[in-house]
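Each of the next two complexes has chain A plus one other chain: chain B in the first, chain C in the second.
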Partner chain A sequence: MAWRRLVITLAVLLPLIGILAYGFMRDPRYINSPLIGQQAAPFTVTLFDGKKLSLDDLRGKTVFLNFWASWCPPCRAEARDLEAAWQRVKNSDVVFLGVDIQDTEEDARAYLREFDVTYPNGRDLTGKVAVDYGVWGIPETFFIDPQGRITYKHVGSLGTPLITAKLEEARAGIVSAKEGKGSYQTVR
Partner chain B sequence: MLNFKLKIRNLKFIILPFLVQLFSVLPLAVAAQPPDLEAQARQIAAELRCPVCQNLSAGDSPSELAQQMKGIILEQLKEGKSADEIKAYFVSKYGEWVLLSPPARGFGLLVWVLPYVVAVAGIVLVLLVVRRWTGKKGRQEPSAADPALLARIKREAAIEAPAPPERESGSPRAELLQEQARLYADLRELDFDYRAGKLSETDYQDLRNTLETEAVLVLKKIETTPARRAATAPQASEGQPSIEKKTAQTQASARPGWQLAAGGAFLLLFGITVGVLLTKSVRPRGSDQDSITGDFLTGTGPGGMAGGAGMAGMGASSSRDLPALLAQGRAAYEKQELPKAIQAFKDALALDPNQPEAHTYMGLILAQAGHADGALMAFDRALSANPKFPLALWGKGMLLYQGKQDFAGARATLQSLIEIMPAGEEKNQIQKTLVEINEASKGRKEGPKKAKAEAAAPPAQPGAQPQGQQIRGTITVDPKLKSKLDGKAVLFIVVYQAGSTGGAPLAVKKIDKPVFPLPYSLGSESVMMAGMPFSGKVTVSVRLDKDGNAMTKGPGDLTGERNGPVEVGAQKVDIVLDRAM
Partner chain C sequence: MSAAIGHLSVVAAFFLALWGIIAPIAGARTGKSRLFAATRAAILGQFVLVTLASFSLIYALVTTDFSIKYVAFNTTRATPVYYRVTGLWGALEGSLLLWEWILIIFSGLVAWLYKDKHRDLMPWVLMIFSIVSVFFLGVLAFVSNPFESVFPVPPDGRGLNPLLEDANMITHPPLLYTGFVGLTVPYAFAMAALIAGKLDESWLVTTRRWTLTAWFFLTMGNLVGAYWSYHVLGWGGYWAWDPVENAAFMPWLPATAFLHSVQVQERRRMLKVWNLSLIIIAFSLTIFGTFLTRSGILSSIHAFSSGPVGTVFLAFLAFVLLGSFGLLAYRADSLKGQPELDSMVSRESAFLLNNVVLVSALFTIFLGTIFPLISEAVAGVQVSVGAPYFNSVTVPLFLLLVFLMGVGPMIAWRKASWDNLKRNFLWPAAAALAGAVALFAWRIRDFLPLLGFTLLLFVVFTILFDTALAVRARRRLAGEGIFKALVTLARRNQRRYGGFIVHLGIVLIMMGIAGSMGYSVEREATLRTGESLSLGRYRILFEGLKGSQQPTHFRVEGTFRVFNEGKDLGTMSPALKFFPAQQSPVGRAVYRSTVTDDLYVILSGFSELQQNQATLKMLVRPLLMWMWLGGLVIVLGTIVAVWPSNKHSAVSDQQSAGLKADG
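Here is the complex of A and B:
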């Protein structure tokens, strides 16, 4: 009788503690993306040099799509690495594209000057592109393979080794099972 | 059984109206859509979660992203899309998470059903408990079932019985005996009051019946409750029935203690779990105005709503321990106790992730360890928190100049440092460095093409040969050590500049799961500090590391080295792994 009571008590309380533990452990801001392995949503942005760039024009190339803002410290932290990575791959079939969100043009231009960013960058004025990619914490980076499929998503700063490795995978069309996470800043 | 069925039927009458009420408040599908698109957009936004807030709908949130979402909803409505299509669009981007009310299927169904199930179960439980309580009382109704017992009670109550033996105190039986004595005393008192004319006949009979019934129950219980072993003999001599001897004594008397211990242990476990989880999830206050949960619950950054009060001020607003941690880190850094310093600054960053001083010192430590890129990132973090933090400007400037040979960047950084520095010896030093940088950059303009080409060399394309000079050779394992090979070990080829005594290696190459004999080649792509030339005389050593961590040497690692320095570009630099650690 006594052990039965104990078993019932445990059967009721342990799942409750489990749920409590799960609730405490997970990052309540984190949103798992359903986009990995899916076709990347098409968009067109006006670049800072005035030209227009459409994702469809980049079909056949591996695309490194990075969402950023000048007010975001983790974006600043990775900016130099991104430019260095771009310098290494710019002569190959890889295209880097930065999309500035929730920012003023003046601040964004200052940021690009400060970090000597040379790869194409544009602004998402309405937030449509950001929402199309489910952006919520920046920097947020999408690796898109030559067929236009998202192979990997990373929320937060990327390190050089990861950029290199994931570009290789995207080039080969290998889809990552999970998205990556670094230090990020929630968007406004 | 019939009684129970009746009770269940009664339960239905209590629960059904409750359920009807509960389900009536369920958000039902949007039945009527107002023709006004704005209102329609608001309604859809109210059903979508704001991705950057905590428990706010996109309709309620003032955040920029939520405003943009509302814009997109309106736009899609204008395109003629239905509410369901628009919601499906957001679900396809953010997952079902974005719906404030999860769909009533799959796992989401649980969220809909579970609260009601739990509520109903709770009500049933309460009713069952209440039924048991009232049932107990019901059994105490006068019953003439056992006239022999009643006669015994009348007889025993009339004489004052001695108190229950002390050695039994605390046992369930002793409690029952005490209860029995109390009831007998009450009965005597009742008789006394009645005789004294304080009670009416009916009251007396009622009260007497109640007390007698209780006494019958107690007597019955006493008969079935075993006495403790030590107390058995006196009990028997008192002429008590001997049924109790037959009952399993130890089991029954051990049960309450056992249950108490289990309950206590469980409460302790629960307390510890909650305590540990709470301390993990709640971060320390950034300031007195800050809420302890901060971004965790409200989506605001450290410093609470005051987070936007300026990045530069972030260094000042911090918890009580922060200055102490920083001082501790500084002291350790000055004594070059780097692990201690790293720990202190890491702790400081856990309290305030944007603390510029902690980032700066981390940068200095990283630069010292030869991790130029990590150091630059740390300096940039410090500067993004406080763009005029002198130590970070200095560290970044010097690193760009000496480590990265980025003269323009170094000049710009040090220039902005000079602008904020007071005149003095330190300022003169930096001005001198600036002059050096200018000269160095002039020197580079004349003959730097080679260096620049190397720095900006494209990375190794798959299949393409790395450029620049290489060291090549084959790594083999001493036959005596073959048994110690670990299939999961990682091989590190470490190159030091000849004559260097410790410090950071010039280049390191990591090879996972090597197969021996292993031909290798190592070139400028493996140089640790970007920009350092891979040339001249070097020493080469290899380590087969069991745990794969380049920083630690442990037992089971195999090592070997090339005797004497070699020139970069040398071929056949063969190395034998011939020592086990």
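Here is the complex of A and C:
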């Protein structure tokens, strides 16, 4: 009899303790971006060369949308990789677009010169674009498929293999389940 | 120097506690009673050493010895002395030391008070204390050491979190810890009874006052916490059903259930396994609370420091749960053979129902608290459970509880006759119904608040009616005046009348909650100077903003003139405080309390461009003040219940309650 009761006790308590232990394996503050799989919010930015660019103009193309700022070390870390990736794909149906947030124009231009960035870049003067995309720490990158749908979001700096893989997926319209994380720093 | 003394004391106490665990086991094996005496010495030794360690840390805090990391993180040279002392519970390591200190004070008191009593239980009681103590001392000695040094020694410290620099923060943590730790006493006695196989009611009778005391501190700890939240945080609320708040509240539920159900066991020898389970659950929840707070496994608005202690606390929690329930399962055979319920209409069943409701509330709150974990582990879905869930599941339960609070103390034991019911409840129920009609006619039309207030009235009327009858009897019997009769009654039956007063306190708290939950209104608007905002009978006129540099922060303060139905009540000046180390500003709560409602004013923003513009939020929260007054009433009731003046109170309680049941 005592054994049966002991087994029942264990059957109740062990799963409970297991659930609590499971808690150590997750980050309770992590929230998956609800934007993945949704239509990308439309916006228009003024590029550093003075032209205007709308996201709508890029429909039919795969878009690599990167939020950055000149004062952000992880942005600097990935800057050369982004430009190199752009050089490889610029003759295909892929467009890179950088959006500079919370920055001064002077610093931003110096940054673009320093890393020889040739793909289009614009400034989010009011912060509206960053808010629409739920940007909370930069760099953040959104991959948008030719139908204008966000297929993947990455927080933190990207490496070349990931850029290539996720661009392929975006081109094929494959939506990732979760956002990714690199080493990153929050806006503080 | 104090670091060395403190740390050495902790380590030495750790080994003494280990000895305190081994000695009674060895004593039981060999039959040498000297080893039992050693258990007691081990507790008293720990008491001396932990007290020394605590004073070392307090000394270091007061003298701002920044070579100790804990001191450097929790004080500055500018910190006033009293906040340096309260720095003892300003962060994790010191809080654990305070916990251990309170624990060992309780243990020492038990060892000292029951020196020659309960000879067969005491070695095991003290062993349980030593087991809990060895855990905390182990954490303090090896996992999060409050005496850890820092090098190079900083010229000045970082200081307490500014939100903690408040009088309520001086009292809230120690009150809560005392409540948590106090539950160790009945738990230790329960475990000792299980180990020794002495499963009669003696452990219950011995720990009755301890449990009530622990319950009192738990209640006050939660209430002061709510008051602090209302008074300091500046969001207009006092309870958010945040995991950390739930963690502090959850032990209160089984503790309250236990306070009631032990009376059934004392009188009817029923519910033995149930009572043991309740105290195990209550004690486990105190450990669970610290685990939840310090592990960071759930997202909480209370940002506590966490670290490796989370894992250690989980391991200890598992040990406590498995060990205690395993022992209970092992002994369950000898706990059988209890009487059955005689009738569904009796005090036993009212108390049983009260227990079921309290445990259901515990279960739903527990489930809601850890549901994000379950959901992610089982279904991989992220969810968050918020106030709407907790309110909708707990409100009906608490309403039922209020009803039982009216019924339980008056209904007869065993089987309530129709006569008994009629005599005790007819007039109070009629009066409560009349009250309900009056409330409805006045303006309370929503079902839940109306039901709530009616039930609260019912409780008050049952208590008044019962007391009035007893007073009348005394006046006839002894010819005493009303006041004298009340005092005699309370002294002859401390538990009953103390309990009544506590119940009245709970009624007031519930009234505050019902009023502020059901009838709060709020309005928010952006005003220019000279514009005003009205809400209910209040109107607020914006007079201007000013900024000033304070010693620790920059403050932007708005001046608002308040009118109550046109009458000028003077100005209120809510502010936003910008601390350099914090990202977002901290609001300064400003409110005006009256017996009918609180007016709470929050400066929620201001324009940086236009100096004459501010966003104001005003809230009117009816009856809120009664919550805090209810707390004071509970203090009074607890004092009446535990006051040690009357040695025969337990006996007379049984007699008078017995008379009531028979008559």
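Rule of thumb we're sticking to: the second predicted complex is superposed on the first by the 156 of 188 C-alpha atoms of A that agree within 3 Å, B and C clash if a C-alpha of one lies under 4 Å from a C-alpha of the other, contacts with A are read in each partner's own complex, and residues count from 1 in each chain.
By our rule, a residue touches a chain if its C-beta (ideal position, glycine included) is under 8 Å from a C-beta of that chain, and two chains touch if they have at least 3 such contacts.
Predicted model, so just to flag it, every value in this text is computed and none were measured.
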item	value
Partner with the higher number of touched chain A residues, chain C or chain B	B
Which superposed partner A:47 touches (first chain B, second chain C, both, neither)	neither
Partner chain in contact with A:24 - chain B first, chain C second, else both or neither	both
Touched partner set for A:131, first chain B, second chain C, both or neither	first
Touched partner set for A:102, first chain B, second chain C, both or neither	first
Which of chain B and chain C A:165 touches, first, second, both or neither	neither
Partner chain in contact with A:34 - chain B first, chain C second, else both or neither	first
Partner chain in contact with A:13 - chain B first, chain C second, else both or neither	both
Partner chain(s) touched by A:2 [first = chain B, second = chain C, both, neither]	both
On chain A, the residue positions that both chain B and chain C contact, one per complex	2, 5-6, 9-10, 13, 17, 20-21, 24, 28-29, 31-32, 188
Complex interface listing, chain A residues touching chain C	1-2, 5-6, 8-10, 13, 16-17, 19-24, 26, 28-32, 188
Chain B to chain A touching residues, read off their complex	51-52, 54, 63-65, 67-69, 71-72, 90-95, 97-98, 255, 258-259, 262, 266, 270, 273-274, 277-278, 280-281, 295-297, 299, 301, 353-354, 373, 376-377, 380-381, 383-385, 456-459, 461-462, 530
In the complex, chain C residues that touch chain A	291, 295-299, 310-311, 314, 317-318, 321-322, 325-326, 328-330, 332-333, 370, 372-374, 376-377, 382, 583
Parts of chain A lying in touch with chain B, wherever the complex brings them together	2, 5-6, 9-10, 13, 17, 20-21, 24-25, 28-29, 31-35, 73, 76-81, 84, 87-89, 91-92, 102, 126-128, 130-134, 136, 157, 160, 164, 168, 171, 183, 186-188
